[in-house]
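Here is the structure we will look at.
By written order: A, B and C. Residues from 1 in each chain.
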Amino acid sequence: MNKKLTIALLGVALVAPLAIYPVFLMKILCFALFACAFNLLLGFAGLLSFGHAVFLGTGGYITGHLMLNYSVTPEIGIIAGVICAGLIGFVYGKLAVRREGIYFAMITLALAQLAFFFYLQAPFTGGEDGLQGVPRGNLFGVIDLEDNMTMYYFVLAIFSAGFWLIHRCVHSPFGQILKAIRENEPRAISLGYKVEQYKLLAFVLSASLAGLAGSTKALVFQLASLTDVHWFMSGEVVLMTLLGGMGTIWGPVIGATTVVGMQNMLASGPLANYIHVVMGVVFVICVLAFRNGIVGELQKLVKKNF
Amino acid sequence: MKVMQKTLLATAMAATMAITGSANAAGLSDDKVKIGVLVDMGGVYADICGQGCVEAVKMAVEDFGGSVLGKPIEVVSADTQLKPDIGSAIARQWIEQEQVDVINGAVASSVTGAVTKVASDAKKITLIAASASHAFTTKACTPYNAHWTYDVVSLANGTVKPIVQSGKKKWFFVTADYAFGHALESVATGVIKENGGEVVGGVKAPLGTTDFSSYMLQAQASGADVIALANAGTDMVNSLKTAAEFGVTETADVAGLLVFTPNAQALDPNVAGGMKLTTGFYWDMDDETRAWSKRYMARMDNKIPAMPHAGAYSSTMHYLKAVQAAGTDDSDAVMAKMKETPVEDFFSRNGYLRADGRMVHDMLQVRIKKADERANGDDIFAIEQVIKGDDAFLPLSKGGCEFAMAKN
Amino acid sequence: MATFLGINLFALSGQLLIGLINGSFYALLALGLAIIFGLLKIINFSQGALYMLGAFGAYLGLNHLGLSYWWALLLVPLAIAAIGILMERTLIRPIANEDHLYSLLLTFGIALILQGLFTHWFGSSGLPYAIPEELKGGTKLPFMYLPNYRAWIIVFSLVVCAGTWYLIEKTKLGAYLRAGTENPQLMQAFGINVPLIVTLTYGFGVGLAGVAGVLAAPVYSVSPEMGSNILIVVFAIVVIGGMGSIGGAILTGLAMGVVEGLTKYFYPEASNTVIFLVMVLVILTRPAGLFGKPA
């Protein structure tokens, strides 16, 4: 990764809340982290999970529940959310990695539907109402997160940590093996790699990071709801990743920013009546015109011309 | 008259609040009064409180003269997509970032719950025009909620009580399996038991169930006199259609607990004709309602208004009058004014805003007209009786709204 | 009343029959998806939206062109097929050789567009459509009242399903079709116009969604959301049956209707979820589906 670019972007992120509404920025960061976690699986391990919303939602529900009922500190709430998402990721991953291609996608979708049913029926999630009024609490018991600015820097720190972790993974030997499996699985097996174990590890990692995004999101919006476990959310993260460019480090971030920004603009603009239509058009154009995503196409352009 | 006493007390309390409220606030917080309308633009409730609610609020602002206390009134609107997280995020941004003073619309109880939480934390008023849950004026009440049009209690009282009293004692519930359906069922069950009826069975159908025939067979087998539909929108339409198709309507009555006018229009008159239901407003009630509805229809492709549209207008008007009278847009002062002034317009008859935020007004029990009774496609209800507000809504004393009860 | 283990057998037979009726609906929709996937390897996520379009077609035909139900049943599927063919030629053809994922996303986008436009034009409350005069009324069976229209649904969809299965699996035309999609170069060499076959197959699969839409109009509310509610269930059925297995889709459709019907009797809250439970179990034990051939 280009060091100068990273430092410049971090600088921008540090001053951004002075110009832009911080809650909106936090939303982008949460979804960007979610999309990056998803991309770790799709872009680098070649596994399309169609039920990733479960991990986002699980993180949110666990954190929300703990913050509401046991008044734990936010870092404990988040860690618990991440662990639960990781555990469910382990069970789901164990079942799913035995299948490939479209069947992998379908089994993750089906498992996600079962989880959705559980969260709909379980009393602790508040059903359709969700968990409302989740307190942000005091970080480490001392730093009050009620203030949007403080919260923003906390979220930025979480995002950076998650992003760094993904970056490290991708460039580690582990990441190289994942790519090898993606490119040619039989060859990886013949080289003696236990392919299923690597896939499972990637799945758990991705699920935990998605849980981290969900836990953080629940704190930002002080709400955990069924939206985050619905299969539409699983579809949305595919769109974000694809739009930004799957298999690129920055693609999911750009994709999430574009999608969240677009939804924000559409919700109150003159096109509010056409929100589904516009999203649909973006899907179609994205698939027809630039399948490599924004970052992917840019990289191609750079390669061609310089 | 216990209820009366409570009302008087509440009014007195509100008056006291008004004095203290207006003493420490004067003028507008900024150079305008901004109304944010939260609606569903493209989802299942788009016809119930979508563009129509936005237009209704705009009409109220225009009728008020476009300015209050010499400052302009601005209307912004946004689509919640029926998701609590999106709704609360928009509300937060409006309040923190765009100086929105009051929120109107608020469709789907799950979204409204999240929105009122954000708004009341920031001491901003929510005028709830379209949600059903009675939680907003009972266990989840806040001094900044004004629940305007109807709620599950008034629907159950209006529809269920007369049927039980007419001798149909055995009930079966087809309930939408989410918070709203559960609330409607439990409130209606209370009304049934109070009046000597019994519940002989029920099913909880997932939201968006396509085929209700299985449930109708179960209802039929239960031997119930009445099948209560504790669901809304397309679910309600589908279940009623199926009931008629399977001949269930010949042996039992079907009572739709929440039927909006667009849903009633979506039903074949031969199927739905004769069904009784409760509504907070009907466009063709008298000259006043017709006059307003004509103006509304002229702006909305000739679609007749449903009760949330009328409620959105009425609540906006009442709010703006209160701002004018209080001389400020400070929420506490305005709310006090709103609670001390009776609400009397084309929508609200004998209405007043109670201490807990419930706008108590007369409700209508109506019957869906059969095909041969209808003059045209918009002629759908015949009004059977007017239910006095205090009989329709849950009394303050039974609601359990802590801040309002503490004052009494 | 006859009971077995405390279960009312009369009530149970009623639920079974209703399950079968719903199952025949699922079979019709799943069949269309299975044809498009099995022969063309396109995952058509817009099948639900086209089903919705079929129901709206019946409504618009009646109210604007005076088309009776029976004419609608004949003409609307043709119109839907024409729309499908147009979609295939302009949008899907360019990505025919890409990963499955892209056709899924593309058709999902198309579904969003159609649903959004219809919500904008017709509102979300649904529109009324009456049962045709000839099929009103019903028959009193010992265990339930069977509306004539429901009996018609089951008979008509089974005939269409069986006919389609026969056409694809047993006739010469079907053989060309299967060969043309399995080995396009070879068939092209034999002088068969493969792209034309692909387009027609797509049109046929989509047309089936149109048939289901018209069938649904009198019993379900004609609304823009009707397709998205049913799509994901039908998709699960295709996977359970074995992606690409024509007979598998039909049989699984019927079976899942029955399974769902029984769930509605014993545990209604889970009736939308039970199919996914079956799907998990099937993928884990028989990865290629109940009727699919292992790759």
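Keep this in mind: a residue touches a chain if its C-beta (ideal position, glycine included) is under 8 Å from a C-beta of that chain, and two chains touch if they have at least 3 such contacts.
All values derive from a computational prediction rather than experimental measurement.
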Neighbouring chains common to chain A and chain C, by label: B
Looking only at C-beta pairs in contact, point me to the busier pair out of A-B and B-C. B-C
Chain A and chain C have mean C-alpha positions lying a whole-number Å distance apart equal to 33
Can you compute the centre-to-centre distance for chain A and chain B, using the mean CA position of each chain? Integer Å is fine. 37
Go ahead and note the Å separation of the Cα centroids belonging to chain B and chain C. 38
Of all the residues in chain A, which ones touch at least 2 other chains? 273-276
Return the residues of chain B touching two or more other chains; collapse runs of consecutive numbers into ranges. 42, 177
Spell out, as numbers or ranges, the residues of chain C touching 2 or more other chains. 116, 119-120, 269, 272-273
List of chain B residues in touch with chain C within their complex: 42-48, 50, 177, 203-206, 208-211, 213-215, 217-218, 220-221, 233-234, 237-238, 241-242, 245-247, 260, 262-263, 265-268, 270, 303
Interface residues, chain A side, partner chain B - complex: 21, 23-24, 27, 120, 126-130, 132-133, 148, 221-223, 225, 227-228, 263, 266-268, 272-276
Per the contact definition, I'd like the list of chain C residues that touch chain B in the complex. 8, 10-11, 14-15, 18-19, 21-22, 116, 119-120, 123-131, 138, 144-145, 147, 149-150, 219-221, 223, 225-226, 229-230, 261, 264-265, 268-269, 271-273
For a test of understanding, state which residues of chain C touch chain A in their complex under the given definition. 43, 91, 94-95, 98, 100-102, 105-106, 108-117, 119-120, 232, 236, 239, 243, 269-270, 272-273, 276-277, 279-280, 283-284, 287
For a test of understanding, state which residues of chain A touch chain C in their complex under the given definition. 48, 95, 98-99, 101-103, 106-107, 109-111, 113-114, 116-117, 121, 231, 235, 238-239, 242, 273-284, 286-288, 291
